[in-house]
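Worksheet: the structure to be examined is printed underneath.
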Amino acid sequence: MMTLTFGVIGAGRIGQLHINYLRTHKDVKIKWISDLNCDKMSEWIEKSGIQNKTKDHKDIINDPEVDAIVICSPTDTHVDIIKEASAKGKHIFCEKPISLSLEEAEEAVEAVQKSNIKLQMGFNRRFDKNFKQLQNILSKGELGQIQTLRITSRDPEPPPIEYIKRSGGLFMDMTIHDFDMARYIMQSEIVEVYATGEALVNPEIAEYDDIDTALITLKFENGSIAMIENCRRSVYGYDQRIEILGDHGAIDVGNEQSSTLNYHRTDGIRRDNPPYFFLERYSDAYRVEMDGFIDAILNDTDVLCSIEDGYKAQQIALKCKESLISNQPKRI
Amino acid sequence: MMTLTFGVIGAGRIGQLHINYLRTHKDVKIKWISDLNCDKMSEWIEKSGIQNKTKDHKDIINDPEVDAIVICSPTDTHVDIIKEASAKGKHIFCEKPISLSLEEAEEAVEAVQKSNIKLQMGFNRRFDKNFKQLQNILSKGELGQIQTLRITSRDPEPPPIEYIKRSGGLFMDMTIHDFDMARYIMQSEIVEVYATGEALVNPEIAEYDDIDTALITLKFENGSIAMIENCRRSVYGYDQRIEILGDHGAIDVGNEQSSTLNYHRTDGIRRDNPPYFFLERYSDAYRVEMDGFIDAILNDTDVLCSIEDGYKAQQIALKCKESLISNQPKRI
Amino acid sequence: MMTLTFGVIGAGRIGQLHINYLRTHKDVKIKWISDLNCDKMSEWIEKSGIQNKTKDHKDIINDPEVDAIVICSPTDTHVDIIKEASAKGKHIFCEKPISLSLEEAEEAVEAVQKSNIKLQMGFNRRFDKNFKQLQNILSKGELGQIQTLRITSRDPEPPPIEYIKRSGGLFMDMTIHDFDMARYIMQSEIVEVYATGEALVNPEIAEYDDIDTALITLKFENGSIAMIENCRRSVYGYDQRIEILGDHGAIDVGNEQSSTLNYHRTDGIRRDNPPYFFLERYSDAYRVEMDGFIDAILNDTDVLCSIEDGYKAQQIALKCKESLISNQPKRI
Amino acid sequence: MMTLTFGVIGAGRIGQLHINYLRTHKDVKIKWISDLNCDKMSEWIEKSGIQNKTKDHKDIINDPEVDAIVICSPTDTHVDIIKEASAKGKHIFCEKPISLSLEEAEEAVEAVQKSNIKLQMGFNRRFDKNFKQLQNILSKGELGQIQTLRITSRDPEPPPIEYIKRSGGLFMDMTIHDFDMARYIMQSEIVEVYATGEALVNPEIAEYDDIDTALITLKFENGSIAMIENCRRSVYGYDQRIEILGDHGAIDVGNEQSSTLNYHRTDGIRRDNPPYFFLERYSDAYRVEMDGFIDAILNDTDVLCSIEDGYKAQQIALKCKESLISNQPKRI
C-alpha cells in the first residue's frame, strides 16, 4: 500500500485534532504544518513528529511530494487555498464552510470540477455511527415515503461574542451542519425554507445581527417537510438528535450516554448528561471521515461529502438568513 | 355534599365515555341523555341507569332540576346549545371546538360571559398527569426563560374521508389540542403563526382542501418560539410528546409505556409501542377533567380551561389555515 | 347475567380495597361486612352501600343468600373460615398466606378439595399486566429452555416492629409472593432452596428472629435455577422486577414509571421514581384478580391461583426458614 | 519523561490487543515478543515495529534493557514467569488467573512480595468507566451501608469444548472477574460462598465436570450479601451489569449501547443489542488498565489491582468449586 504525504493548513483546535489522528494512520505521513502561529507551537509540532512548519501554506501546495492537504485555517482563506491546491493537483479535505460568500464558493466549486482531485467537506456528522445507521435504513427504503424529519442541534454554551462577530451567523456557522444532515438523511433537495429566530440566550448577540435560537422549516423536492431546531445553549450538554417519520414507522436517534449508571434516590432516578463537548461527541466520526477521505484517494472512489454538498448547505444558510430578515419563506 | 344533576347531549363515542365515568361519580346523578339515535340505544341507556332519553336537547335545558350539561353533539350544534343553556343557568362542559366559525364562537363566549355559569372546554390533555407535572415545573419558573417548545402530536391512523370532510380541517380538528397545550404550557399568548403542510399520508385528503401532515411555527408574546408537528398517521401508535428548553435545562415528556417488558433477542431489544388509541392514552385525563368541572361547580371556583381558552385555540387554528393557504406568516 | 352476593370478612386496608372495587362491579352485590371494629366504621360502611355489618363472620357464612366470601381478616383466622365456608358451599377469595402452620394449611386444602367451591388465593402479582405478558411469552415456549430467573422484590420501607412480630417472618410475609411468582413464571416445581439473610436495615428486627434482607437460591424440577432478592427497604420506591434468561433470549420486566417526564439539568437527567406504595403499583392487578374470581364462579372454570398454589408457596417459605437457620440447602 | 522498555510474553488474542495499544503509547517501547508460534507471525510482528521475537520468554527476562513484561501466555506458565521476572526486577502485568493451583499462586505472591517490582493483575473491568464511577460513589459512602450487591456476567456464547477442558472451570475462568469486581465494589472481604450451577446450555460441558450457568451467593465481612449470576450464553450479546442497594438508594450500571437509534414499527420499538464481543465492550478499559500500570511504574505508586487481589479471587473461585461439589456453603 502506498503512503500518502499530507500537509495540514491551520493548527488550531480542529487542525490539531486531525493531526493527532493522521499521525497514527498507517497510510499517511504528515510532512508539513502551516500556521501563522507555528513559531509558538514548535514543541507541539516536534512531538507530533512533523518535520516541516511554515507560515505560508503555499510552501505546502508547492511541494511536489505532497499528495493531500487538510484545510483548517480561517474560513476567509478557504477559497484561495482550494483554487491553488486543486490547480496543483493536491487532494483536499476542507473544513466547513467553503466561504461566507456564495460567489466565491462557486469559484471554488468550479476550480475543483475542472481538476482531477478529490475534495471532501468536513461535515463530520455524516460519519457518526448512529446517523450513518439511520441513513442506511432510509437508503434501503424501509420507512417508505417520509412525512417529516426533525433535527435538534444545540450547543452547550454560546461562543464568545468575538467568535460570533466573525462566524457568518448562526445559519452559516452552526445550522450549516444540520442543512447538510437534512439533505444527507432525506436524499432529496431542499426547495424552500422558512426561518425564525431570536437572541434569547444572550441579547448582546442581537447587536451583531445574529440570533442564538432558531426554528427552521424546510420543504423538500420529494414533498416531505422538516424542522431544524438550534440553540446556542443547552446547559445539560451538547444535544444532537434526529427523528424521522415515514409510512412504515419512525426512527429516533438520541444522544450518546456518558455512562450507563442509574442512580436511584428518594428524589428520583438520575443518569448522566450526554457529552458536553462536540469533539468528545464526534470523536469517532472525525476519525471515520478522515479514513473515508484517505480511502477515496487510495481507491479513486467518490468522496462521501463533496464540495457541491458544501455549496448547497451554504446556499441554504444564506436563504435562511434572507427568510429571517424578511419573515418570508424563500425558494432555493 | 350536594348531588349535581347532569344531562348529556350526544351519546357517541366521547359522550359514552363521559357517561361511563359520571355514573360512578359520587356527587353526580345523570338524569338525561339526548341523542338523535337514542331509540337505537335504549338498552345501553337503561343499563347506564339513566331515566330519561330524548331526541331534543331542549328537554334537558328546560328541566329545572338539571344543574349541568355535557355537550358531546356535533360541532355545528355547540353554539346554540351554549347560548340556550347559559341563558337557563346550566353549567356546561363542552367538547372542542366551540364552532368552526369564529363569529359564532364569539357569540357563545359573550353568552357565557353574561351568565353566571361555569363553562369548561374539553381540552383533556391539560389534565394528563405528565403534562400537568411539566406545567407545574414551568409555573414555578424552574427553567427560567424559555427558548423553545416542541409539541409532537400524531394520530395512529387517519380518520375516514367522511370524517375529514366535516372535520373543519387538520388545524381545527387535531392541532387545536396542541394550540391549547402550547398556550397552557408556555403561559404566554401566541402572536404569530406560520404553517406548512401537505397531504402526504393520503392524497385523497387534498381533494377536500385538507392536509394530513403539518409543521407549525409559533411565536409567543414572551419572545419564545415553538413548533408543533402533526401527522394523521404514526403506525406505531398514538404519539404525544412535548419538549421544552430553557435557561436552566430542558424537560421532555415522552409517551406512556404499554408495558415495562424488554425482550432481548439476537436481532435487538424490543419493547411495546405506546397505547394506540387516544381514549386509552388519556383515560385518566378524561376523568380528571370531569372531576375538575364538578369541583368548580361545587366550590364555585374558576374552571381550569375556559371558553376563552377555547376561543383562542380556534382563532389560532383559523390563522394557521390562512398561513397555509397564503404561505405567509400571520399575526394573531 | 346472574348477580353474585358477596360477604367481606375483615375491613382493614386490603379489605376496603376489595370492597371499593366490588361495589362498582356489575355482577356483584356486597351484602355483608364483618369486622371486629365494624362499629367504628359505620359511616364508611354505609357510604359503601352495604346493608349488613357484623362482628361475627359466621353470620355471613350462615346466610344462604351469600354466594362468595372474601377473606381479609388476620392470618390466624383463615383456616377456620375456609373450613366453615367451604362446608357451606361458599366460594372463597382468600388473602395470602393460608396459615403460618403447614398442618393447618393442609386441613384447609383438604376441606376445599372435598367441597365443590372455587377458592382463589390473593397472589395479586400474577394479574399484573407486565408479569402476565412475561408469562404468556414463556408459555408459548419462545425462550426455549430457561437457564435463570431473577426476582427482585423490595418494599419502600420496613413495617413497624409490631407488624414484624406477627408477620410470620420475611419469607412467609413478603417472599411468599415471590415464591408464587417463581412457580407461576417458571411453570415447574421448586425442588431445593438455599436462603441467606440478615437484619441489615433495622437490627431490632433480628431480636424477633427475623431478617429484612434476603437472597434465596431456588432449584427447579426442570433444571433451571433462580434467585430471589428481598429487602424491606428501598428508599426510592416499591421495586418489583423480574428477569429471565433462556436459549433464545432474555426478558426483563422493569418497574412502572410514575411519569414520563425527563428533566435535563446541569447535574444530570432526572426521572421520577416508581410508585412508592404497593396498592398503587398493583391497583389494576387487584381488580383483574377479582374479575378472574368472579368469572371462575360465573363460568364454572378453574381459578387462576388455587389453594394448592397457596400451600406450595407456604411450604417453600417454611423450607427457606429452615435453610436460613441451618445455613444448609433444603429439599422440598 | 523516561521511556519504558517492554517485552510481551504470549501473542495470542489478548497479547495482540495489549501490543496494539502499547505501540502507540508515548512512554513505551516494545522490544520483545515471545510466542511459541512466533515464526508464523513474522509479518504481523514486523508490522508492529517490534525488533525481537523469540520462543523462549527467558530471552526477554534476561535482557537487562527490559523494564517490564506483559504475561499473556497460557495460565500454567504464569507462576514460573512471575518468579523469574520478579527475581530479575522486571515489572509485571499479568493476565488472570495467576494459576489454577492455590499453592503455586502463593509462591508467586511471595516472590513478588520479596521483590521490589510492581505487579498488576489484568482485571480489566475495574478500569471500565461505568464500574469505576460506581466504585467512586461507593467510596464516598454516598449509599451508606450496603444491603445487597448483584453482578450479572454473561458471555454471548460458550467457548469450544477444547477451551473448556483447559479453562480451570467456570469459576476460575469466568467468575473470577466477578469475584474481583465484588471485592473491588464492596471494599470488604468475602467470608462465605454458596455456589450452585448446571450445564444447562451445553450438556457436553458436564462431561468435563464443568457448568455453564451459575448462581453464587456471597457473604461479606461487613454483613452485606451478594449474588453473582453467570451464564456462558446470552444470545443477545455480552451482558455485564451491576446493581447495588444501600441505605440511601440504589445504583445500577447497565450495558453499553451499540447505537442510540430507536426504531418504532407496528410490532414495537427496537434498539440495538449491547456489544457482542468482550474486547469491544472493554476496549477502553484495556487501555486504561495499561495506562495505570505504566503510571504506577513511572511514578512508583501502588498498582490498582495487585497480585494479592489476584490471589483472593482465585481462592474464592476454588471455594466455590468446593461449594458446588458438596452443595454446602463454604467459609473462606
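By letter and in written order, the chains are A, B, C and D; residue numbering begins at 1 in each of them.
Everything that follows uses one rule, which is that contacts are C-beta pairs under 8 Å (C-beta built on N, C-alpha and C of every residue); 3 or more make two chains touch, one makes a residue touch a chain.
Remember, predicted model here, so these are calculated numbers, not experimental data.
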item: Where chain C and chain D overlap in contact partners, by chain label; value: A, B
item: Shared interface numbering between chain B and chain A [over half = same, under half = different]; value: same
item: From chain B, the most remote chain by mean C-alpha position; value: D
item: Length of the line joining the C-alpha centres of chain B and chain C, rounded to whole Å; value: 40
item: Chain A and chain B: spacing of chain centres that average the CA atoms, whole Å; value: 43
item: Intercentroid distance (Cα basis), chain D paired with chain B, Å; value: 59
item: Residue list for chain D, restricted to those that touch at least two other chains; value: 234-236, 248-250, 264-266
item: Chain B residues touching chain D - in the complex, by the definition given at the top; value: 234-236, 264-273
item: Chain A - residues contacting chain B, complex; value: 145, 147-148, 150, 154, 194, 196-198, 200-201, 213, 215, 217, 219, 223-227, 229, 231, 233-236, 239, 245, 247-250, 327-329
item: Footprint of chain D on chain A - complex, ascending; value: 24, 129-130, 133-134, 137, 248-257, 259-266
